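Quick one: the structure is below, questions incoming.
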Amino acid sequence: MYVAVKGGERAIDNAHRLLADRRRGDRTVPELSLAQISEQLALGVDRVMVEGSLYDRELAALAIKQARGDLIEAIFLLRAFRATLPRFGATEPLDTAAMQVQRRISSTFKDVPGGQILGPTFDYTHRLLDPQLDLGSDPELPERAPVSSEDMPRVTDILGRDGLIEASPQADAEVPVGDLTREPLSFPADRDLRLQNLARGDEGFLLALGYSTQRGYGRSHPFAGEIRFGEVELEFVAEDAGFAVPLGTIAVTECQMVNQFKGSATQPPCFTRGYGLAFGQSERKTMAMALVDRALRARELGEDALAPAQDEEFVLSHSDNVQATGFVEHLKLPHYVDFQSELGLLRRLREEFEQDAGNNGAMQEAAE
Amino acid sequence: MNAPSYNFAYLDEQTKRMIRRAILKAIAIPGYQVPFASREMPMPYGWGTGGVQVTAAILGPSDVLKVIDQGSDDTTNAISIRKFFAKTAGVATTTRTDEASVIQTRHRIPEAPLHEGQVLVYQVPIPEPLRFLEPRETETRRMHALAEYGLMHVKLYEDIAKFGHIATAYAYPVKVAGRYVMDPSPTPKFDNPKMDNCPALQLFGAGREKRIYAVPPYTEVVSLDFEDHPFTRYRQNAPCALCGAEDSYLDEIVTDDKGGRMFVCSDTDYCETRRAEGHFGSANAPETERADV
Amino acid sequence: MFDPTSIATDQPLLVADNLAKSYGRLPACRGVSFKLYPGEVLAIVGESGSGKSTLLQMLSTQLQPSAGRVSYRMRDGVLRDLAALGEAERRFLFRTDWGFVHQDPAMGLRMAVSAGANVGERLMAVGWNNYGKIRDTASTWLQRVEIGLDRIDDAPRTYSGGMRQRLQIARNLVTSPRLVFMDEPTGGLDVSVQARLLDLLRGLVTELGLAVVIVTHDLAVARLLSHRVMVMQGGRVIETGLTDQVLDDPREPYTQLLVSSILPA
């Protein structure tokens, strides 16, 4: 006799117990510490902080551990926690010109004030697997140089002084910064919400879109004006104090693309900007973000908006990997009843089709 | 480390107030999709985050909650959501339709008639009934605002021209209170007539798409159709094998790989209630009767 | 061919009053005023860049004039300023009392939807709710524009250019509009296909007593279809009058050049 399935509750509990066991893996292998993840898988932690939009290395490391290394799952964990945190307000805008730079490169000028600094980069490594890493020997200590007191102006500021690049739009201090986790996004979206959406957006999605603009789908002739990574000071205006209080520093990567120029009858031609900013060392992310940001400005700059990367509603509606993964994966939930309804309709249509075919056959026979 | 602590029914009170405002607006404009600031919930988008937020916003300590998925209280996602509220709100839960004050559902409307004072909360994946005809939100909002639903009728016309029938079996579009065309969520069209003039309040939550909409009690809900191709319900042509019901929507159970099938109520509470009342079906007829066969 | 007795009323249907449009400092259209009466066909002719398309866009409320106004006599007999209509009212006009025939049929049709549904859409938009009646009416209209009924369930993307244009006309006329705007309706078609389409249009316009504003660079189209002609140059109307009179005996030197086909149209 058929009995309706019961005991789902125990099944869920057992599944989660098994999951915990598999997360731990072979118990004779030492367990990962959060410090190990944070220190040795630092770029993974950076990505989880950026797309989880919460700057907390320890929690991000915990999320990665809990997610068994599945970064989108880890981002999801961090986001769900972030949603419960109270909002105190918005910090003052970061001054990236005052960044304590660890890496800074420009592809537009051979030399710039403050110089080109390679810093910790995969660039120019020969991608040869290194068996030494398996032996656990410590690498050489890095070369050190005294902290430079030289200013390191942003390349776009240098161009801006001569009016060669459009002015960076100034936010209206009277208007509070939008928060797309607190208000539903509507279109067209303002710049603050667009950049927020892209900063939280899936790195792979932005990478593919940015790449598509380079291949001609909405090309905007970009130059990497500057990419810089380092620590910047964070300030917050506390209402009681009445002045900006430093909260500490965070590591960020900033990318400013210099793009094809614009001009009009009233304005001399000048370069246009695409902007990317992310927590930690997130170079690929910020470069892709800057390309997509510029592509999404097509309408604002009076360009045709025909390519996918230029379609604001399309890009901003599909960039979020927590939303995307949820909806794609919801297909594994039961759909018995709607499938049954579809099945019923299909069976009926097929029956009618066969009847018609039968009738036509009979008529043909009668006619013969 | 910032150890998390959580409010009654998980959401903070400010968020609940924001959601209640959206719900009130939705009730005031039946069938209209109200944008709301959907929160990032500790469960995946597409798994009921909208329904969960609506339920969390309306739940009080004295409520009795029932959660169903595919009509059943025992499907894994229903259990998971019921546990979530039992844990975060400590409310009483039930599997009995008539005992519940709040019923959260995915894909079904219970078979037992709902009564005044009850709230049915639907989980909605895609709230926009015009989405698959016109993907752009900017365009569909204008179509709703101007009540321009010609495109929807074009779709129904095309179905009949092509298949001889309106080829929509679930998420069958309805018009609410003579104004807004609304997606009833992916319920089978069998359930559509239950929405019309229903004594219970019906609330719809779409978390990922950030929309809430509502059908107030005793509101007209009409399934779109043509005079000469009227809306029809679909039900498998069989009684429930467990309780013998001939008026309930059925799950098809594949019993072997040789074409063996049986049909049982998808609404488990309805089926169990009937069996408790002494009804039975072909699969569990009493021994005495079986001996007669 | 102008028959004054065919005008049902002596009150104008569409009134343009000192219309102007400029893009920045560039004037595209200036000081255009005229009255269109029920059943009257007005052709606007001129070279490309003369402002005739801009004018058509303003008349049909798709472009907001920089100055001046357009009024339309609604079915209740009241002349109303179109700029004062809400978007819902304007869209309703477009679905019922007006038609717009685009040069490119893809702009006026749903290319992936069957011909029957293309014609039926306007009926359904005004509340028709009987599949059989919608289909019968669509069939009648397909026949009137000489499209075989065996093609009723095919999408226009499978149609030839001429058929698409005829389908677009059927889609516009199914709700018995009183006013139809046409933007180069024969442009882009072969000469033989053009002739057949013009014949069909002339028949329908006369039979239905339609008022039409037609923009064309082709004076043959104007001669065949219109009662009156407005000649535009550089955003201004430089000459206007009965079609035969303007085309046979043009006053303005520019019109003379246009008529003698010395100017590239």
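For the reader, a short list of remarks on this structure follows.
As written, the chain order gives the labels A, B and C, with residue 1 at the start of each chain.
We take it that a contact is a pair of C-beta atoms (placed from the backbone, for glycine too) under 8 Å apart; a residue touches a chain by one contact, two chains touch by 3 or more.
To keep track of the chains, here are their UniProt names: B = Alpha-D-ribose 1-methylphosphonate 5-phosphate C-P lyase.
Owing to the predicted nature of the structure, the values given are computational and were not obtained by experimental measurement.
The minimum number of touch steps separating chain A from chain C is 2. Relative to chain B, the most remote chain by averaged C-alpha coordinates is C. Spacing of chain B relative to chain C, judged by their CA centroids, is 48 angstrom. Taking each chain's centre as the mean of its C-alpha atoms, chain A lies 34 Å from chain B.
Contacts from chain B toward chain A in the complex involve residues 1-2, 4, 6, 10, 12, 35-42, 44-47, 49, 69-72, 74-80, 83, 106-108, 125, 136-138, 163-165, 167, 169-171, 186-190, 208, 210, 234-236, 241-242, 249-253, 255, 262, 264, 266, 268, 271, 283-284. The touching residues of chain C, when paired with chain B in their complex, are 87-88, 91, 95, 110, 113-114, 116-117, 120-122, 124-125, 129-132, 134-135, 152-153. Of all the residues in chain B, the ones that touch chain C in their complex are 145-151, 153-154, 157-158, 160-162, 226-229.
Across the complex, chain A meets chain B through its residues 1-2, 4-9, 11-12, 56, 58-59, 62, 76, 79-86, 181-187, 313, 317, 322-323, 325-330, 333-338, 340-345, 348-349, 352.
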